Amino acid sequence: MSARKPAAKKHRLRLGLPKGSLQATTARLFELAGYNLRFPERSYYPEIDDPEVECILIRAQEMARYVEQGVLDAGITGIDWVRENRAKVRELADLAAPWPSYRTVRWLLAVKEGSSFKSVRDLRGKRIATEVVGITKAYLRKHGVKAEVEFSYGATEVKPPILADAIVDVSETGSSIRANRLRVLDIVLESTPRFIANKQSAADPWKQRKLERMLLMLNGAIAAAGRVGLMMNVPKRALPRVLEVLPALGTPTISALADDQWIALNTVVAEKVVRELLPTLVERGARGIVEYPLSKIVG
Amino acid sequence: MSARKPAAKKHRLRLGLPKGSLQATTARLFELAGYNLRFPERSYYPEIDDPEVECILIRAQEMARYVEQGVLDAGITGIDWVRENRAKVRELADLAAPWPSYRTVRWLLAVKEGSSFKSVRDLRGKRIATEVVGITKAYLRKHGVKAEVEFSYGATEVKPPILADAIVDVSETGSSIRANRLRVLDIVLESTPRFIANKQSAADPWKQRKLERMLLMLNGAIAAAGRVGLMMNVPKRALPRVLEVLPALGTPTISALADDQWIALNTVVAEKVVRELLPTLVERGARGIVEYPLSKIVG
Amino acid sequence: MSARKPAAKKHRLRLGLPKGSLQATTARLFELAGYNLRFPERSYYPEIDDPEVECILIRAQEMARYVEQGVLDAGITGIDWVRENRAKVRELADLAAPWPSYRTVRWLLAVKEGSSFKSVRDLRGKRIATEVVGITKAYLRKHGVKAEVEFSYGATEVKPPILADAIVDVSETGSSIRANRLRVLDIVLESTPRFIANKQSAADPWKQRKLERMLLMLNGAIAAAGRVGLMMNVPKRALPRVLEVLPALGTPTISALADDQWIALNTVVAEKVVRELLPTLVERGARGIVEYPLSKIVG
Amino acid sequence: MSARKPAAKKHRLRLGLPKGSLQATTARLFELAGYNLRFPERSYYPEIDDPEVECILIRAQEMARYVEQGVLDAGITGIDWVRENRAKVRELADLAAPWPSYRTVRWLLAVKEGSSFKSVRDLRGKRIATEVVGITKAYLRKHGVKAEVEFSYGATEVKPPILADAIVDVSETGSSIRANRLRVLDIVLESTPRFIANKQSAADPWKQRKLERMLLMLNGAIAAAGRVGLMMNVPKRALPRVLEVLPALGTPTISALADDQWIALNTVVAEKVVRELLPTLVERGARGIVEYPLSKIVG
Amino acid sequence: MSARKPAAKKHRLRLGLPKGSLQATTARLFELAGYNLRFPERSYYPEIDDPEVECILIRAQEMARYVEQGVLDAGITGIDWVRENRAKVRELADLAAPWPSYRTVRWLLAVKEGSSFKSVRDLRGKRIATEVVGITKAYLRKHGVKAEVEFSYGATEVKPPILADAIVDVSETGSSIRANRLRVLDIVLESTPRFIANKQSAADPWKQRKLERMLLMLNGAIAAAGRVGLMMNVPKRALPRVLEVLPALGTPTISALADDQWIALNTVVAEKVVRELLPTLVERGARGIVEYPLSKIVG
Amino acid sequence: MSARKPAAKKHRLRLGLPKGSLQATTARLFELAGYNLRFPERSYYPEIDDPEVECILIRAQEMARYVEQGVLDAGITGIDWVRENRAKVRELADLAAPWPSYRTVRWLLAVKEGSSFKSVRDLRGKRIATEVVGITKAYLRKHGVKAEVEFSYGATEVKPPILADAIVDVSETGSSIRANRLRVLDIVLESTPRFIANKQSAADPWKQRKLERMLLMLNGAIAAAGRVGLMMNVPKRALPRVLEVLPALGTPTISALADDQWIALNTVVAEKVVRELLPTLVERGARGIVEYPLSKIVG
C-alpha cells in the first residue's frame, strides 16, 4: 500500500461501490454517466478513469459502517443496510432507477402458507429468522411484540416452518415468496439504493464540489433512463392540440421548417407514456414521428 | 387460479406469446415497442407492464387452436401453424421483420440428393415425413397425388432416404437442407409470423381498440428496424442536388440555420442504402453528416 | 472452387479479415460501418452482404504475405506483421480505434525483474525468445548487438530467466509484463491495425474506388466511436459564452426557435469531455441539454 | 448412401439407438458392455467398433414403428412407445437397470390440485392433453369413458386447468407432478426400456446369433450394475455362520490360505445389501473385508 | 408439511447435510459408503435411498445449532462451527479424509504483509474482522488481549489493512493468504469435518444403532480412500523377502497355486507407497503384479 | 528465482510436461501412474507430489530444444518435434497409449480434391504450407523435389488451393482431411509421444535410476490401459479347454477351491477381446465369471 501514500497529499475521493446484487447495475450506472469502470478479476479495487477517485468494492451490508467510520468518503448502498447498521451518515441522493436491483425492494414479514399466524402479534415468543436482526428487532419493539430473532446466514425463505416460525426477508419481485409457499404478514421496510457520504467529507469544500459534479452525471444518466426523444413535424394549426397532450417534462423545442405551414417539434418524454402518446399524436395531426434513444438529460 | 377470477370483471386481454424459436425475437419486439416483458424461470406466465394484458407462453404449434377456442384473445404464431390447425381466426397483421426467425421461412418438399424423384408427382405411394401433416395433405390433394404422410417428431431433415422417401420441412436459411444433402422439389408454403385474434374478441369494442393500439406500437418498432436517422448541413444552393439522391421514405425535415447560406436537413433512410448514400452526399456538398439510431417510426 | 470461377469475370474484391485476437473487433467495425458479416462455424469464408466482396479469414501473421502475393486484394493486419514479413504492400489507412485490440500495442524488449541486464547492449551473446524473429533481428542490427534469436511458439512471457535471457513480446495493457515480473528494457515497435492493399489492386480503377468507399464507411464508424451528440437550448445572449467552451470538433448547427429569445444548438463532442462540459454548460445558461448516441460521422 | 451398398452383401445388423432422454444411458450401457460408441456431432449415425453393426439414432417414440417395418433389425425403446404405436415386434429383453431413465417410468392421469375430478369417470366429455393419444384412448375405452383426447406438443404438465381438464403425462420421480401442483388420479401405464427386434430379423440365423451375443454382453453389464465384489478372510470355524448370511447370488469362491485355520472367501453381492451385510460379517468373525468394483458378471 | 407427521410415528433419523463448500464431498462420501443421494434442484430436501433417514441441507454454520435444538438428530459440520456456536452436541466421528474440503483447515490470525504487528499481543485495541466472532473472542480472552471483533460477511481476506487491522480467516491451502499478501501471526483453530449428534438422539437405542451402522459404512469408505489392492505371484522361496517390504496395513492373504513352487499374495497398501513399492517387489521376485481399485475396507 | 538455488544442491530432476494438445492426457497418465499433479491456474510450474522432481510446462514444439540444451533433464513430446528441431537427445520410451492424442498421428502431404497433383514429384516449384518446415524440407530433399516451403501459423488444412498448392499437416483421425476435401499424396512421418532425456542427465547415476523408476510406473499404467481382470470358477476337467482360449498375455493364476472338483482362475486380458471371449468361456464350462477393472500391471 506504500505506493498510495503520496497520493494522499493530492485531493482524493475514496468511493465505496457495492459488491453483490447491486454491483452490475452500479457499474452500468457509472458507465452511462460517462465513467469508465474496470473490475479486474479477483481484485477489490475497481479502476476508474478519474485520477481523483479511488474505488473500493464493499458488501452493501457493510458500506454504511465504513462510510460512518470515515474509511470511505462516500458510497452506494440500500437504505435498509444504513438502518440495520444505525449508521450516522449524510444521504446525498436516492438513486432509485428502473434497472434490476435498483428498484424499490421490500423486507417482508412472512410465514408458511397454511400456518395459523395472522399478524405480527401472533409471533409472541416465536422464532424469527432474518438477515436484518436490527431492523426486525426495532420493528417488533414498535409493535410491542417480544420474539426470538435469529440471524440467518441465507436461504431464509426455506426455513419456515421447520427451522423458523417466521422470517423477515427481502423481495424485489415476490417470486421467492411464492416459490416457497410463504404468506406475507406485513411490509417491514421499503428500501432503495442511496448515495451516502461521511459527514466530515461532505463538509470538506473540495470533496463537496467533487461529489456534486459526480451526482450531476449520475442523475443525468438516471434521468435519461426510461425517457426517449421524440421528433415530429406538426401543421402550424395543429400545434396547440399537439402541445396539449405532450407531458410537461420540459419545454419542447419548436423550430421553423422550409415549408412554413409546418413546424418541427423535438421533445423528451417518459418511455412508458409513448404507448399511449403516439396514437394520440397521430390523431392530432403529427406526422413523421421518430422516437430515438437518449444517453443523458441535464439542466 | 382463483386469484385471477375477479380480474375477469375488469377489461383484460389474454395474449399468447410463442414459446420456442420465435420467443426470443418476440420478446425483443415487445421491448422495442415499449413493453416490459419478464420471463420468470420455470413459469409460463410472462409478466408484462400493462395491467390490462395477461400473457401466456404457448407453443407456436398450438397457438391458433387456443385463439380459435377463445382461451386466448390474441396471439403471435406463424401462418403455417394457423393453416396446419385450420384455425378460424382473424389475422390482424403480418409481423415479418429483419430479425432472426421473424423473416420469411419456407416449408420445402425435399428428397435426398441423388434420388430419382423429380417432382411431387413422382411421390405417388411414397412415405413423406413432416411436422405439418395437414398442410402436406392439402398440398398433395391440390396436386392430385396420393402418398403416405407420416407425422415426424423432429429431426425430419435426417430421415431421407432410409426413414422417409421425402420430407416437408421448414427452412429459414437453407443450411440444414445443404448440411443433410437434400434436394428441394418444391416450395409448399411460405410463412411469416402473424398477429392473430379470436373472432369474437376482435369484435369486442374494448378489445378491438386495445389490439389496434398495441399493433401501432409493434408496427412502429418494426418500421424502425433497418432504418437510421441522418442529420446534415447543406449549402442552400446544393439542396436540390442533395434532395435528388435522398430515398423517398418520408419528406425530409428542412430547417433554417443561423448562417443563412446553409440549411439543416434531417431525414430517415434504410440502413442498407447508407453505404452507397453517404459518399454521394459528400460529393454533392453535404457536410457534418451524422447517422444516429432510431427506436420507432409512426405516422 | 469451380463455382467461383464465373464470378471472376465480374468485378470482385478479395478481402482478408484477421483471424484471432483482431477478429471480434474487426467484425464489430464492419457491422458499425453498415456491413452485415456472418462467420459460419468452421468456415474460413465469412459471408458479407456485398456481392462484389469476397472475404477470407487469415491469420494476422500471414495477411501481408498473401496481400503481397496478390492472393488477396486487401486486408487488415497490424503494421507489426507487415514489417515482420517485410511485405511490399500499399498501406491505405491506420484503423486505430478505442476498442479492444484495436488500440496501439507495443512490442517490448523485456528481462526478468532482478536480472543484471540494463539495456539491449547487455544482451550480446544471449538467447532472446520472440514470435517476431525478423523484427527482433532488425532491431538488434540497428543497435549493433549480436544475440541468438529463437522463435517462440507462445507463452513467451514466462520464459525468462530459465528458457531465455530476454524476450521481445507484445503488450496491450502491460498486465502480462507485471504478472510475470518482467522489466522492460526498450520499446522495439509500436503497432496499430492497418488497412493494406496489394499494389496492383490499388492501381486498378474499379478496385481503387471500391476500396475508397469502403474506407469512408469504416472511418465514419471509427469517427463516431467515443463521440456523442449534444442538443440544447441556449438564450441568445448566452450563445457566445456557450460557444466558447464547446470543443472545436466541428461547427455546431444553430437553428432558430419559436421563442426568438432562444436558439437551438446541436453539436458533436468527444464522450470523454462530457463529464466536465455538462456542468459548465449549465452554469453558462444552456437548458434542456440532451446527450444522444451516434452511429457514424462523415463529411 | 451409395458407399453403404456393398456392405449390404456382408452380414450386417442395423440397430436403432434412442435419441433423447434414453440416449446418454444407452451409450453408457454399450460402453460398459464392451462396445466403443462415438456420437459425431450433428450426425445421426453413431460409430460403433463392430463392423457388423450399423447404428442409427431414432426418437424412442418412432423406434418401434421402424423396427416393425424392417427399416431396423433391432432397437431400444420403452414399452410405452411400442404400445402407443401398436407395433408388432419381438421383445428380446427388458433392460430395466438402476440408471437414470432406465428405471421404471409411469404414465399418470393427473388433474390440477383442488379440482373436483376424483376418478377417470369424472372426465366424461372433458379435454385430456397427452403425448400418448393411443394409450390414453385405449385406457378410456377400457373404463368406458368418452372424452376428448388432444395431442400435446410438450409442457403437458402446465396445461391444467386452463389449457386442459386433465393430462396423461410421464413421470420418473414425480417431481414435475408436485412442482405443477397436480393430483394423480390413476396410473395408466408402467414402462421400462426394451430390446426389440423385427420378427423376420429375429428368425434369421446369423442375426439371431449376433443378437444373442450382444444381449449376453448387455445383460452382463446390467448384472454388474448395483453389484460389488467382496473378499474376506474367515476363520474356518466361523465359515458356516458367515455363509448363512451371504445372499445366494452365486456360490462364493472359497480357497485355502497358508494359515490353515483361515480360509479366503470371494463373492458377489448386491451393492444395496452391503450396508446391512458388512456389520453382520464383522460380528460373525470375518476380517480384512475388502469391497471392490465389478465390470461384468456372466455365466 | 402435514404429510410428514405420520412418519414421526415410525423410527426416523433426521440428518443434516452441509450446504456449501462441504456439500460436494459429503455427497461423494455417502455415495462411496453405499447410499444413493439425490439433490433435486431448488429443493432443500436431498433424497436418500434409506426410508428411515430424512435429509435436510443446512449451512455448515447453522448445523450444530439445529442438532443441539433437536431439530436434527445428527449432522455433518466442521468442529469450527460447533465451537463457534458453543453447541452442546455429541461428537461421534472425525471424518477427515483426503478429499477436497475434507482435509484439515486452519483458522489463521493474519495481518497485512509489511504491517508492524508481530503477535496477537500487538492487536490490543485494534479491529479484527472474522466470520467466527465467538472463536476469536475466546482466543483473545485466552491471550488476555482486548480488541474489537467485527463480524465479516465474507471476503475477509481482502480487508486488511483498510477495513480491518487483522483477520481470523480460514485456509485449506494457504493460497488466499499468499494471494492477498497477508502474514500469519498464529493458528487459532484447526478443524476437520465431524459427525455430530443430538445428545438425546444419541441416547435413544434405535437411533444409536442406526448411527453406528451408518458410521461403519462412512468409515469403511474413508479407509478405502487412498488405498489400493495388490495381487501378485511370488516364488515360495522369495516369500520372506517380499513380506519384509510389504507395509503392515493388514495381514496379506496368501493362497496356494496349482504350481506349488509359487504362491499367490493379495494385500492392501496405501496408494502413495506404490511408487516405491512396485520396483522393489519386482527386484525381490514378485511377478504378474496387478494393482486394482477398492471401494471399502472394514473389519 | 533465488529460492530455487539451494535446491540445486539436492538431487533434483527437471521434467518438461507438454502444454497444449498432449497436456490433458499427460496429466491423466501421471495420475494413473500414482503421481499427484496440480496445474495452478496461470502458472507454468505444475506441482507434483515428489520433492525430487520439478515440473515445467513447455510447448511440445520447443521441448526437445530445451532438453538438448540441458535446461530440462527430461520431457515428453512427439518424435515429430524431436525431428523438426534436429535435437540430439536420448529417447527412453515410446509412450503410445490408447488415449486421446497419445495414439499414433500422421503428418500427411495433401492437396485439394480434384487438383491435378498425383505425387510429390508434381509439386516442383509449388508452394507448400506447413508447421514443420524442417521435416518437410528433409522429405523433399529425399525425393529430389525443389519447392517453396512456407511456415504456416495454423489452420493449414484450409489453405489449398488458394493460399497454398499443397500442405504437410498432422492428422490423428483423418477427419480434418475429409472435412476440408483434401486428398492425401503421401505419409511424411508417423509420430507418437516419447519420453526423452538430455544425454548428460541420462548418464548421471542418480538421475538414471530416478528416470527408470518413473518409467516403470508410467509403463505400468499404460499396460493396464485397455486391459481388464477376469476371475472365474472352472471344473477341473474343463481346465485345458478353458486355458486353450485364454490369450497368452500372462500366465493365469490358478488356485485350489474348497470343492476339489473346481479350481479358481484369475487372469488379465485385453478389454477388446472380452466381447468374443466371454460367450466362449461359458460354452467351455466356466462359471461365475467376473470382470473387474485394473490400475497397473508390472513385473
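Per-chain numbering from 1; labels A, B, C, D, E and F assigned in written order.
Here is the rule we use: a contact is a pair of C-beta atoms (placed from the backbone, for glycine too) under 8 Å apart; a residue touches a chain by one contact, two chains touch by 3 or more.
All figures in this text were calculated on a predicted structure; none of them were measured in a lab.
Engineer: Could you find the chain whose CA centre sits the greatest distance from that of subunit C?
Structural biologist: With centres defined by C-alpha atoms, farthest from subunit C sits D.
Engineer: Copies subunit E, subunit F: same or different interface, half of numbers shared as the threshold?
Structural biologist: different
Engineer: Which chain is most remote from subunit A in terms of Cα centres?
Structural biologist: F
Engineer: Between subunit A and subunit B, what is the gap in Å from one C-alpha centre to the other?
Structural biologist: 36
Engineer: Could you tell me the distance, in whole angstrom, between the mean C-alpha positions of subunit B and subunit F?
Structural biologist: 55
Engineer: Which residues belonging to subunit F are in contact with no fewer than two other chains?
Structural biologist: Answer for subunit F, listing residues that touch two or more other chains: 255-256, 292-293.
Engineer: Taking the top-of-page definition of touch, could you list the pairs of chains it picks out?
Structural biologist: Chain pairs that touch: A-B, A-C, A-E, B-C, B-D, C-F, D-E, D-F, E-F.
Engineer: Within their complex, state which residues of subunit F touch subunit D.
Structural biologist: Result: residues 228, 231-233, 255-259, 264, 271-272, 274-275, 278-279, 281-282, 286-293 of subunit F touch subunit D.
Engineer: Which bits of subunit D are touching subunit F when the two form their complex?
Structural biologist: Contact set of subunit D toward subunit F: 33-35, 49-50, 213, 216-217, 220, 224, 229, 250-251, 253-256, 263, 266, 268, 292-299.
Engineer: Would you pull the subunit B residues touching subunit D in the complex into a rising list?
Structural biologist: Contact set of subunit B toward subunit D: 1, 19, 42, 44, 56, 58-59, 61-62, 66, 71, 112, 114, 153-155, 158, 161-163, 179.
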